[in-house]
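Each structure below appears as structure tokens.
After this come two complexes, each holding chain A, first together with chain B and then together with chain C.
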Partner chain A sequence: MSRSDEPQMQGIETDTWQQLLRRLRSAPVLATFGFLLALMVFFSIKAPGKFNTGDNLTRLAQNVAILTVVSVGTTFVIAARGIDLSIPSGIILGEVFAAEALRHISVTTNGVPGKAIDVSARDTNAGYILAALGAALLAGLLIGLLNGVIVAYLRVPAMIATLGTLGAGLGVALIIRHGVNVASYALEPVANAHVIPGVTNLILIAVVVFVLGVVGLHLSVFGRHTLAIGSNEEAARRVGLRVQRHLVKVYVLGGLANGFAGFLSLAYFTTTSVGGHTTDNLQAITAVALGGTSLFGGVATMFGTLIGVWIPAVLKNGFIIIKVNPYWQMVAVGAVLVLAVWIDQLRRRGQQR
Partner chain B sequence: MSESTITTASPAGARATLPAIETVRLTKSFGTVQALRGCSFQANPGEVTALVGDNGAGKSTLVKAMAGVYDPDGGQILVDGREVKITSPQVASALGIETVFQDLALAPDLDAASNVFLGRELRMLRILRDQREMRRRTASQFAKLGVGLVQDLRVPVASFSGGQRQSVAIARAAMWARHVIMMDEPTAALGVIQTAKVLELIHTVRDQGLAVIFISHNLPQVIEVADRIEVMRLGVRVARFRRGEADLDLLIDAISGAFANDTSDPGAAGRADQLDEGVQP
Partner chain C sequence: MAAATAAADAHADFGMPERLVDRVRAQLHARAVLGPLSVLVLSIVVFAVVSDHFFAFNNFSLILQQSMVVATIGIGQTLVVLTSGVDLAVGSTMTISMMAMAKLSAGGTNGVLALLIGFVVGLVCGALIGFFVTRFRLQPFIVTLAALYVYKALELWYSRSANVRGTDISPVLKWTGNTIHLGTTQIPYGAIIMLAAFAAMAYALRQTAWGRHVYATGDDRESARLAGIRTNRVLLSVYLLCGLFCALAGWILIGRNQGGDPQAVTKDYNLDSIVAVVIGGTSLFGGRGRILGTLIGALTIGVFRSGLPLAGVSDIWKDFAIGVLILAAVLIDQWVRKVAR
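Moving on to the complex of A and B:
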């Protein structure tokens, strides 16, 4: 047995190139990534010059941007062995709060008094945008805080707690808006303008959120505590983690992502969508699960989530392009989801002692 | 301070050094059940102190009181001769007291280093983990303890055997313990070879100068491993032995109430009698 100062164990040093490659090869996320690549190759061959064009891929990235933001938050929630069904109410309340903020800002355009919500994309300014952003994040914060407190302190199962705030949040949004949507171009530059030529801001924002998610989940102490709580809550408590407080933070993080998605949605679609976004929670959970994050907590990858967001989007886009009835996408996604989680279960059962 | 006179009034033959941890007439009730009825106990640095007793004698309650899991109703806990209030596991940690619980309290999906440093991560830029340094220190801790079982520090501990997991839990406790390390039945679920390994580990930890408190029902093992044995019965300490003083029969007598030699706290027996009146038959 080695008792020297140079222990003969693996994994102490940072991985070399080859080690990293070897490790990647055994990572489950690679199988999903391979599947996504195979899909893209398949559609590229079936529809050359249609699927595999820069335009189409940019459009795809734009389509998945908002779901990416939501799914980054959801990955944290699921990593902590939670679930957030209230995503649609977070998004819609985010939209509605943002719209209300804009409705309460008085502006004078060319000498005509009015409200910020009615300004054109050309006349908007950073002040309006920040006010709307603050309001949307406030909505997300409130609903996330409510979720976290109900789950962590009142000990209501997350499924029920967030089902409750899903319904209640949607109700509040309808009450505020009297069931009527409102359009606004004030936020449009947030989504559709270009800071980097060729890449809309919406895509850029999604990329930034994803990178923050990777750092937060995989490199930060916060992410490690989230995984520890998801893996064994009691163990986390015994080593002195403040489990309840941490869970509230995780749900608040999820809520903020949803509220921010609402802000982006209002910017991108230039209208609120009370009554919309109804399956965003299921889409986000599908993406997270497809990516290999365990619904039993403790195991999560942000890269997997990104792949999980793209697979359904590529399927839908590809089916439309090769003129398969796009509703088949729903069938395919359902099958792939079950298959992916089943394979993951098999792998885990083989590993667990 | 009056406590310090109690502390020094230890039985003849005890070492001159202060006990690393000591309880004085600790009481703890759960409803009408009195789990501790004035329990005194001590563990010295550089010694393995075995805590034995029948089921319900109060061993786990005593350990949990010292670990900050339970708040005792009365009595004192002294660390290095100073009275302390251990109100939470964090307070215990701050005092250099670490516990290996029976269920180990590991996060199975995390790797060994993440488990060892859970809640005490080394940081970079305030919020990021310094995983490389944590792995390096974990590896050198394992090497120091002679844990050769863990081969890859990256794999989740879920894929470890029972003995490997036990080693991780003990290594974690030994890494952070400055005074006292308590182990609740560390070998209960292990095979022969793994048990030998863990017992060896216990001695290694002791030789680093820590007080090791060791709960076990396996009396031959206790006699083999322990430098001192303290016997609990019905919530009080009834007997204490130094290495070689007790054989199996004597231990069983003490556990079952046929033998007692604890004269350090003459009030305890009388108080226990009084308390008996309040207890359901």
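Moving on to the complex of A and C:
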């Protein structure tokens, strides 16, 4: 049995590029990509010199960077047929943990004793940044682990489990901060400085996370197992996958992405945002679904998610520039969302026949 | 057949299990509302002991007023969840219906007519969702997520994000905020309407064929269809009713605020109503749960929101407490359901 499987498995390993191409073709990602391009062309014609400027596009990329990081994690969760409503709590706990870490590092600037959270962007160093990063990732890890254990081992529906950790996590963040936000410029270079001229680090980081997401979902065994579980949990169990353990890993991955997004958010906005980010969960799920990842699990595309992040952002930005009431952005997003999922549905029904 | 009946009997009284824990579990399993109810009673007792001001009729009246909007939305949400769906658009549907009522009335339309039009708006919102769910067989989660955006945008566009002042609105719309006096306690008509709606739906779900069809469709849509139930009609009726109850909640909210607040759409009515349903013991997998559980769930949230500050606990613990409450509720539910396995 295992011997007859081996050559096939090897075939899959070696033909990853072909696999990737085939997966791309089977997903409606080209349609959504075409839609995004059409939107950009439309706004470029309607508002020449306003929409299609390098400045505007860079600003757009910067605006969607944090949501991109979150959505990469969410894609894994949804690929495994899960859902994560606790995203805001992961982000805000990430911010708060990072801020707390900075608050507990004593520093002496120009002979004056103080805390790392108060240092300026010029006086900060890699040590503080790494400490904050570690703390933010720890926060994400904890929430993700909690989600994963509750969903995989206690068999609570993902939606309720993460609804619970959403409230509990936001509550813990409020309790730690006593409901008060704190500002810090210590992390600012992480987001706003340039390693590559013209591209802020925030954009660069989002690109790196996205590439890691593509590799993790489409080119690694981990991603393959995630899709297998999402497509049919029982079948995955019977071929020998440790489904529960893998699901925990998937939720931990989602949590880490959220915690990291919190770290980036603190760096970019230079303040914690207790009480903010409340709709990030629905935004991320919208992006993932827009991109063509099925909420039934098993079919996922990281490229689609990137497009799904961009479509609402371009619509909003473009509508504002051509002076259409930006409320229509929400209407358009809703319509495209239903359309994208309907196409997914048709495709699946076609496969079943 | 006899064996099956015997099993069912054993299921009901469980032949007096040895351990107290098992007996408690069997009781909780046999009576779905018992679990949520004991949580509500327990939290009331705890807060009454901790705070001197909690156990007062005036405070209960306040809790009722604070819970009545979420509870009314919760009726619709329960129906949708019973059919193994979820409605993320309840907050937007409520706000758009409410603003239609308030703006029309402020613009000179007869109060009753404005009210009726508001209800029609709620019905149309529900019908659209139901249409996409049944006709295109899309997941309710996605359809209602899309509807959340669309209705929210339409609401903000229609209302121009401007409040409608209470003085401009017909008394018919504000009537839900009027109170009747029971001794020194004031009960708003909105709360009475809410309780009546719960009673009506509890009757409809338990005593009518339609109610059984809702449960059957939620339990297994395909089996229900094969058994001759027109599942699409059942689903459509559920989303229509959900829209209707959202409009009702909008009417109650006008009474509570004494005006039309377009920003109500940004408040967390969607998640709050789901929380009420979950704490009330209704299964998100569909086909299992009691509508009265949702009332208890909404009241439990209200008790925590009112009790924590009165007990001297800072307001910031509220979110944490409710999160823990949800997790506790589902974990107890999982534990109780092990009886059935």
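What we mean here is this: the second predicted complex is superposed on the first by the 326 of 353 C-alpha atoms of A that agree within 3 Å, B and C clash if a C-alpha of one lies under 4 Å from a C-alpha of the other, contacts with A are read in each partner's own complex, and residues count from 1 in each chain.
Going forward, a residue touches a chain if its C-beta (ideal position, glycine included) is under 8 Å from a C-beta of that chain, and two chains touch if they have at least 3 such contacts.
Everything quoted here is computed from the prediction, not taken from an experiment.
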| item | value |
| --- | --- |
| First (chain B), second (chain C), both or neither touched by A:Ser120 | neither |
| Which superposed partner A:Val331 touches (first chain B, second chain C, both, neither) | second |
| First, second, both or neither for A:Thr53, with chain B first and chain C second | neither |
| Which of chain B and chain C A:Thr109 touches, first, second, both or neither | neither |
| Partner chain(s) touched by A:Ala289 [first = chain B, second = chain C, both, neither] | second |
| Intersection of chain A interface sets (partners chain B, chain C) | none |
| In the complex, chain A residues that touch chain B | 1-5, 7, 9-14, 23, 215, 219-222, 224-225, 227-228, 230-232, 234-241, 294, 297-299, 351-353 |
| Chain A partner contacts - residues on chain C that touch it in the complex | 86, 88, 132, 136-139, 141-143, 145-150, 152-154, 156-157, 268, 271, 274-275, 278, 284-285, 314-324, 326-327, 330-331, 334 |
| Touch list for chain B against partner chain A, complex | 88-90, 93, 101, 103-111, 114, 118-121, 123, 127-129, 132, 135-136, 139-140, 142-144, 146, 148, 150-154, 156, 158-162 |
| Contact set on chain A toward chain C in their complex | 83, 85, 150, 154-157, 159-161, 163-172, 174-175, 178-179, 278, 282, 285-286, 289, 295-296, 325, 327-331, 333-335, 337-338, 341-342, 345 |
